[in-house]
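This report concerns only the one structure given below.
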Amino acid sequence: MVVVVKPDVPQDKIEHLVKWLEEKQIIVRTFQGQQQCVLGLIGDTNNIDSGMLRSLDIVESVGKLTEPFKAVNRKIHPDDTVIPAPDGKPLIGGGHFAMIAGPCSVESREQITLVAKKVKEAGATMLRGGAFKPRTSPYDFQGLGQEGLDLLLEAKKATGLPIVTELMDLRDIDRFEQVDVIQIGARNTQNYDLLKEIGKLPNTILLKRGLAGTINELLMSAEYIMASGNENVILCERGIRTYEFAHTRNTLDLSAVPILKKLTHLPVVVDPSHGTGRVDLVPSMSYAAAAAGADGIMVEVHNDPACALCDGPQSLTPEQFTEMAAKVFKIREAIQ
Amino acid sequence: MVVVVKPDVPQDKIEHLVKWLEEKQIIVRTFQGQQQCVLGLIGDTNNIDSGMLRSLDIVESVGKLTEPFKAVNRKIHPDDTVIPAPDGKPLIGGGHFAMIAGPCSVESREQITLVAKKVKEAGATMLRGGAFKPRTSPYDFQGLGQEGLDLLLEAKKATGLPIVTELMDLRDIDRFEQVDVIQIGARNTQNYDLLKEIGKLPNTILLKRGLAGTINELLMSAEYIMASGNENVILCERGIRTYEFAHTRNTLDLSAVPILKKLTHLPVVVDPSHGTGRVDLVPSMSYAAAAAGADGIMVEVHNDPACALCDGPQSLTPEQFTEMAAKVFKIREAIQ
Amino acid sequence: MVVVVKPDVPQDKIEHLVKWLEEKQIIVRTFQGQQQCVLGLIGDTNNIDSGMLRSLDIVESVGKLTEPFKAVNRKIHPDDTVIPAPDGKPLIGGGHFAMIAGPCSVESREQITLVAKKVKEAGATMLRGGAFKPRTSPYDFQGLGQEGLDLLLEAKKATGLPIVTELMDLRDIDRFEQVDVIQIGARNTQNYDLLKEIGKLPNTILLKRGLAGTINELLMSAEYIMASGNENVILCERGIRTYEFAHTRNTLDLSAVPILKKLTHLPVVVDPSHGTGRVDLVPSMSYAAAAAGADGIMVEVHNDPACALCDGPQSLTPEQFTEMAAKVFKIREAIQ
Amino acid sequence: MVVVVKPDVPQDKIEHLVKWLEEKQIIVRTFQGQQQCVLGLIGDTNNIDSGMLRSLDIVESVGKLTEPFKAVNRKIHPDDTVIPAPDGKPLIGGGHFAMIAGPCSVESREQITLVAKKVKEAGATMLRGGAFKPRTSPYDFQGLGQEGLDLLLEAKKATGLPIVTELMDLRDIDRFEQVDVIQIGARNTQNYDLLKEIGKLPNTILLKRGLAGTINELLMSAEYIMASGNENVILCERGIRTYEFAHTRNTLDLSAVPILKKLTHLPVVVDPSHGTGRVDLVPSMSYAAAAAGADGIMVEVHNDPACALCDGPQSLTPEQFTEMAAKVFKIREAIQ
């Protein structure tokens, strides 16, 4: 249920209503906008008389919340969520575009520091890099682990860029304390126990759409995180599995961007590197993502793509990234 | 096989080589660029000695043409194909962007003329409208038929806009003589007998990707048309069938745009109306298509979408189209 | 709308009602079962007062026909359709299992006659073979054409087996007069003009599911044929396009069998040769099809698969077919 | 690499070769069949001289192991794996068919005990039931948890049926000590950290194919489990995600059964309940699975499907299961 409160209702009256609802085992999510307060009622609302609510003098209107996703629903949070950076400035959302770049895997101090500096110069706002890697084969390189995390934190210190890196195992959570944005990969999008745990953290979460996940499943996984208390969730479109495999690893679903922007207040980024698996398609798909209204893009950049330990063929060089970033910013202006 | 001729070789020497190859049952496609001539050899080239060709003094290099698509292959036609309008000016391709707009179905003289004028004012370069409609049910409205064609031709006369309309039955070909661009719909993309017939026509062909067609199948269907002699083919991405159906009718595959542009010299347009099935997604997907490098977009515009006889919910109003077109042109500039 | 007539109502009373409905522009399909008569009302039934119909003393009940498919709907034709062979005996349906076998393409008199004899000995009830072949490339072997048809008819004469062969171009219809079962291939499942034409023929039609066609689309295409007057339609599951391509050409959707059997009275056959593209999977998928309740299977058999001009790797040898057929018949017994 | 040892080579000679290979950092998997011993060499075999191996007098042949899956590969384990029950008798594999039945969720002592007795009488060989449930919504019933496990163990004691139940969170592993078969659900198929942990357990693992997982991914996930030491893995086909959603929740991919049986020695079961999502399709798809060569089926049975807390519409009644099981056994005989 969605309860829109009349303008200029004093705070204590709202709180009184919220308390009354909570006594009825309803979870109430309060959205306080500039002019308006909206209450999202989650749980078994069958016992709540909507007519009675509607008749209250502080209530403007009462609507249904038919979607299975509640906390992430734009209906109960009409404004865009703006996620803050560690320094308090906006990191992403509400018109703040995030340019996330870096190598697939952290490989060495030289590599990650060099790439971090280069992408920062080109306009990147966050540094990505994998320390724990989900690999299809148990015999493949599984990432540098703790050492990779340490190197990322060094690169963060050197450049000031907030870092994004993937968490796979909930037993590793303590290691991620200083990681600004914890990524949940496409293979763990529906690992609900992991989602519940990261929902208790203060870190921002970047949640990837499942390998062949639906838009609704992505929203429900974000709901798991928010239901555990974490409000800072970024959604990431990264390509879906289709019958078209001759030319691309995945089919990037850019229509997911405007669809998600309608359904949820959470920011949406696009990962064209994994979304296509081909570096030559990354620039045009980045332009398209920006034109489609994404709140950010996340791309792989490597100083020496040919020698990357992982996903080399889909990584841009720093030079290619620099050129691409400039055009992305131009497109952002064009659609304003 | 691809034979690149040295610069400044006299025409008669090239013709001599072509004749020699044709005597060996090879189909030779000659591409004459500004500086360079390229010969595409199609057919059973097993009997052609590539080493001998390479040793000829007029030949610069000899390469393989491993793809199953030959005439449409950019390897034997490095420059973009520019398709001319009836007045001889460029219609589409090589940097000339096509803005194709109009109703799903032609419904009346008033409707089609009104929409034609409105979209022309907003910058449309072609008028689309269906006279013969492929409908899933035999009991549904199947289009105005000949009357619809006549009305389209009137609207063409009134506005000067070249027209695009769908042909389904090869017995109707004679009726389409004055149609500038004949559309082959997604259900007929692999109707090979139809493709062979339209391959003999002088009209331009707009070939839609199949309902769940691959990129390679689209190229092979274009090959059927070109193999019959028609060089003026426009390819159209119109969404593919995936498991994601809760929010869209199809998944628009925008990565197909840069992929096709690499593989073929033919122009590529995007149809976000059918590609998503939702009018509210058409603008952002049109921006994305332009940003991805499409040579044109094709959208449904109806003066009264709520009352359209077919596909109403995916049609823009003329006002929405006008606003959208302006942004599309801006994005075109941004990526130049 | 579905009108169930009371038992033992005299024929003239039913005809009177039918005439009255037809005057209101309703198409009435009359199903006369052993005990019961059912009328299927197709068209704009908004003007028909269902309460009035229900109150007629010859009417037992009136129901809705909400599905878009009407004539093919089991609701208005509760019994299985049994399609007769040229000799009047049952060919398929209502418990009569069809074993359709033969080469992908007719290649020579020796080949088709030899295969025909072998498969007949093993229990085949129909002979398949392609004369006109839909090929992805315009440069590939397109079938023997008229010669292929003639050879098939010879093999029919020699063995007495009814023949199944594909029609692609409606201009060829006259050539197919003596073909018992005309196949419409997966690329033409939604070639509506072709469907309308074959709907006027007396031949039985075997309609394949589209390359990536839905069950509903298959039913609607069958509806096109029946709406033109042809009642003898066999539906064919032949695999659908999915993301799983590493091991099979298509994913055979066997759940389509029981689903179709519920929705329609038309017989359903399965083509595991095209459905998997791998000869080693054909036996187990044939067993599974029979166990799932299919009315028949259609498999490729070639005397020399390694040298087949088309689809060799998915063809069984006559010996393999013989062994397989025996097991299929055993499974049929097991599920009775 | 696959090294086939000559017949009758004494054990100590084989062990000597294995030790030599292990010193070169190669993981050696030894398969000891009735007549023959096969060594599977996993790891970086670039430094192993295959010519030298071939020349050894105890070696019959040396082959490549090109597939990314090694331990699960039938090439290095030609015989079917037979997994033992707690009592040492065969549970599944090598011709031993497993009939796994039970409710989606354990709901109460009465329910699980009643269902367990009924399915045992009908021929079930294992009891399934969910205690920890992966639910799309955080607000839905998440299973009885520990209490559910306890009730399952009681039902096991009462009937003697080994039990199958899902583990989601690796922190729960200790609770599963007495669970005969631990199920890994479709959402966790690529939760590699979970796979590594269960790979250290003595319990049998039933690994479901991912929601839209490929056959190769399923094999690689099984490889993770075997690479950690657990040899008792059952693979489960449970339907894949396709564009066909109007009639079924998933498309059951039965061709996966013969494909997997060729590629791996591990037993393969089919879950038609989740694979279709419709109880009326479960019998025919169970028959088809048995006919396709599955080593077992797993179906949902509930004493009162209409009131089931979860997945009611896809559960059989005990009576329906009894009838179905009898036919499944008949089909097993027919294909022998």
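Chains: A, B, C and D, in written order; residue numbering restarts at 1 for each.
Just so it is clear, contacts are C-beta pairs under 8 Å (C-beta built on N, C-alpha and C of every residue); 3 or more make two chains touch, one makes a residue touch a chain.
Bear in mind that the values here come from a model prediction, so they are computed numbers and not experimental data.
Summarising the inter-chain layout, the chain whose CA centre lies farthest from the centre of chain B is D.
Distance between chain centres (mean CA atoms), chain A to chain D: 35 Å. Averaged Cα coordinates give chain A a centre that lies 49 Å from the centre of chain C.
For chain C, the set of residues that touch two or more other chains comprises 212, 241-243. Viewed as a contact network, the protein chains are fully connected, with every chain touching every other.
Residue ranges on chain A touching chain D, taken from their complex, read 42-43, 68, 70, 134-139, 168-171, 187-188, 190-193, 196, 210-213, 217, 220, 223-224, 227-228, 241.
Residues of chain A touching chain B in their complex: 212, 214-216, 240, 242-244, 246-248, 251-259, 262, 275-276, 280-281, 284-285, 287-293, 327, 330-331, 333-335. Within the complex formed with chain D, the chain B residues making contact are 212, 241-243, 245.
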